[in-house]
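The next part holds the structures, each set out as structure tokens.
Note that subunit A is present in both complexes that follow, paired respectively with subunit B and with subunit C.
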Partner chain A sequence: MELFFEWFRVLYDTTGINLPFLYDSYDRGRMLDGFLTTIKLSIVCLICSVIIGIVGAWLQASAFTWTRRFVNGYIQLFRNTPPLVQLYFFYFAVGALLPKVETDWGGQAPMFGSFAWAVISLSFFAGAFNVEIFRSGIEAVPKSTVEAAESLGFSRLQIYRDITLPLAFRVCLPALNNNLVNLVKTTTLAYAIAVPEMLYEANQIWSDNVNVTEMMFFLLIAYFVLVGVLVWGMNSWERNMKIPGYG
Partner chain B sequence: MARPEFKTDLPVMLAPPERRQGEPLRIKLWHGIALFGFCVLSSTYVFADDTQAPASALSVLVKWMPLLLSGFLFNIVISFCSMALGTIVGTALGLGQISLIPVVKSSSWFVTQFFRNAPWLVLLFFAMFLLPFEFDLGFVVIPFPDWVKAIIGLSLPVMANVSEVVRGAVRSLPSGQWEAAESLAYTRQQTLWLIILPQCVKRMLPPWMNLYSILTMATVLASVVGVSEVMTLTGEALAAEGGRTDLLAPFYSFVLLIFFVYCYPIARYTVYLEKKFAVKD
Partner chain C sequence: MNWTPDQPMVSIKNVHKAFGELEVLKGVSLDVMKGEVICIIGPSGSGKSTLIRCVNALNDIQQGSILVEGQEVNDPDLDKLELRKKVGMVFQQYNLFPHKTALENIMMAPVRVLKRDKSQTEVFARELIKKVRLQGKEDSYPGELSGGQQQRVAIARSLAMKPDIMLFDEVTAALDPETVGEVLTTIKELAEDGMTCILVTHEMGFAREVADHIYFTDGGLIVEHGPPKTFFDKAKDPRTREFLSQIL
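Up next, the complex of A and B:
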């Protein structure tokens, strides 16, 4: 393995193609951390946004007018403003209003770090789209199915959990996949509030080594592969979940 | 694709919703009124509350308004140019995707997928750092300032999306159109230019305008790489006023408001066009 990494140092010496994240162990650690942070951020946001979508779609069908209005207001607000502005708003405006907590050595630290704010803001952003997506799926489940469940004595929560959602999930999977792929691409915005993800770490490395060209190409390819793997996985999942003869 | 019709009183599932290209922006008029109200209220509230303040937030906002509006004008210029550039190249790519030559077809498919899968911010960085600051043609030197690079960087994802819109529109036409043209002895090129594309234009218009709205909102990203557009100017104006926290809400809501005022008519017009061009069964 060491020999493989050393080969890139020779490559740099002979051709000038500088890839320090391969031959330099410190840069390698940074790049790996960035890559893992991107994956961690994506997965946490993915899970949170799907939960927001499921809960939001349930609340949207609520009997209370104000609950429905509140969910609709949330959707409109987060869908029609740029995600970068939302991120700044959460990190700088809301973050400054929250109380500080005491650290172990007696200092003051903000309650949430930049990673937590990125998770919160991006989850709410993608969650707003997910609510709409789940709602479109739920609309495909006919009223008679719900009525049949009601007559069998299911409660509202049971109907949603055991009957509506499993049926709706298969209908909205294609749209959901689109949105989740978009979410992974949006995690690059976390760069703006200094979350050490892939773009941020690459920026650090090209600032130290002045090798913008190589890092840029590496970044593009890395994101292409990352998103490609996600798209492939989602598509095969979509095929497995497909209802035969439907759609 | 015609599905067989099953008649039943109690279907287990209704027909799936229509798949659309891209999510439409659903902006309503009251959002703008609410934003305007928030902008004015947040600035006057502070004035009434804090008599010690050197100048009221509203008067500070009015003072900086010309600068912010000129910054926003720059955003519009960037969005116009990248849309134009992206549409021209994207249409060519989209036509490449439906080409009969395998090499052209697969390579334009690959380029489209590549730029569609790359994050906008990464592409913007890519254009920012890799394009030269001037282009020497030997007899004339073309300067490449930051904003030209931003235009090119933003037009890359637009290009890929337009390519998909074109391909989708051509695919959405019934194959009978192709066959009818073939039976009338049109060549492939004639069929494409005289029969298929004119029908596609009105199908492509709503998603294309939707893409334009998304692009306009994405021009804010240029502030991350240091182009002096409205977001950068807002930050600088706030810094020039000494970082007063009571100015944050009025200034940022003003930025949201001008984006709204610009995007709202476009969104309404898109909805109108969608209704007008909707194919009736």
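Up next, the complex of A and C:
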């Protein structure tokens, strides 16, 4: 392994191609942290945004007009504003309005750090699209299938969980995959509020080493591989979910 | 109110139902005793489906009373689960759960709704599969079954809840002529076992064979009713006669 890393130092010395995050253990640590932060941010946002989508689609079918209006308002707001502005809004506006908390050593700290704000902001952003995606899937479930479940004594919640969602999920999986891939790409925006994710750490490295070109190549390839793995996973999931003789 | 088997199992009295402006049921009354099989026939749009959907509260009614084993269905505080445990329903379009195998379709309601033990339910579900003659199809998905096979799974799925009454709404209307027979056989066996059945059907021969009583609906009213023999051979009302002459 050491030999592998050393090879890149030689590469730098001989050709000038500078990849310090491979041969330098400090930069390697930073890059790895950035990579892991990106993964963590992506996974937490994926899960939260799917939950928001499921709950939102459920609330959108609510009997209460105001619940429906609230969900629709939320969707409009987050679909029709840029995600970067949303992120700034949460971090600088909402963050400033929230009360500060006491820290262990008696100082004052904001209630949420930048990572938490990125999770909140990006989850709501992707969640707004997920609500719409789930709703279109739910609308594709025949009313007669739901009635059959009703006549068997299923409650509204049981129908949603056991019948509607599993069927809707299969219908909207392609659109959902698309949105989740977008979400992973959008996590780079967290850079703007100094979340130490991959782009941010890469920026630190190129500032110290003046190797912008190399870092750009690296970032492009790194995201290509990361998103490629996600797409591959989603596609095989889609295939596994396929019901014989249906759709 | 305590129900005893000498009272009608289903007692429909003066039921009125409208969809908005459209009055579909204009005062329908009929009784079904335990173990009885009744058939409802009548022209399209006369409210047959609407009527039987009211019995298990898939449709609400504006006026009148429906008692199922003494339980009032026209009640804002109706315990729907209690009602639906007693009443099974089979639909024209089968309406199976497409993401579940035949066996899972049958087991789902007992396990999820009644919280019955899974392995015991499976034993019972396999018996039901045998009863509707679908051995070997346990692990097939609905999309892999013919219409007639799907409909028999749907019947087994309803029976898995051990209902006291079964509602059938034109369950053979969507089937190929050659598969109609297998579904009718299943229903006939069920009737012979003493199941209380309310059937909406266009199969007159079948109605004549299995029904204890036939009801003819037109324009939201029961125009005529009687045991099959009198009904088919000595219909009095001109509307009934006209309908029968067209269909027979």
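Remarks
By definition in this document, the second predicted complex is superposed on the first by the 243 of 247 C-alpha atoms of A that agree within 3 Å, B and C clash if a C-alpha of one lies under 4 Å from a C-alpha of the other, contacts with A are read in each partner's own complex, and residues count from 1 in each chain.
Criterion: a contact is a pair of C-beta atoms (placed from the backbone, for glycine too) under 8 Å apart; a residue touches a chain by one contact, two chains touch by 3 or more.
Every value quoted in this text rests on a predicted model; they were computed, and no experiment measured them.
Looking at the shared chain after the overlay, A:P244 reaches subunit C, while subunit B stays out of its contact range. When the two structures are aligned on the shared chain, A:F90 is found in touch with neither subunit B nor subunit C. By the document's definition of touching, of the two partners only subunit C reaches A:P166; subunit B does not. Applying the stated contact rule after C-alpha superposition, one finds that A:F124 touches neither subunit B nor subunit C. With both structures placed on the common chain, the touch criterion links A:Y200 to neither subunit B nor subunit C. With both structures placed on the common chain, the touch criterion links A:S144 to subunit B and to subunit C. Using the contact criterion defined above for the overlaid structures, shared-chain residue A:L152 touches subunit C, although it does not reach subunit B. Comparing subunit C and subunit B on the residues of subunit A they touch gives the larger count to B. Put simply, subunit A uses residues 142, 144-145, 167, 243, 246 to touch subunit B in one complex and subunit C in the other. Per the touch definition, subunit A reaches subunit B in the complex via residues 76, 79-82, 84-85, 88-89, 92-93, 96, 129, 132, 136, 139-142, 144-145, 167, 171, 174-175, 181, 185-189, 191-192, 199, 206, 212-213, 216, 219-220, 223-224, 227-228, 231, 243, 246-247.
By the touch criterion given at the top, residues 142, 144-145, 147-155, 158, 162-163, 166-167, 170, 243-246 of subunit A touch subunit C in their complex.
Residues 10-17, 19, 23, 25-28, 31, 114, 117-123, 125-126, 129-130, 217-218, 220-221, 224, 231, 245, 248-249, 252, 255-256, 259-260, 263 of subunit B touch subunit A in their complex. Residue ranges on subunit C touching subunit A, taken from their complex, read 56, 58, 80-81, 84-85, 87-89, 91, 93, 95-99, 108-109, 112-114, 140-145, 154, 157-158, 161.
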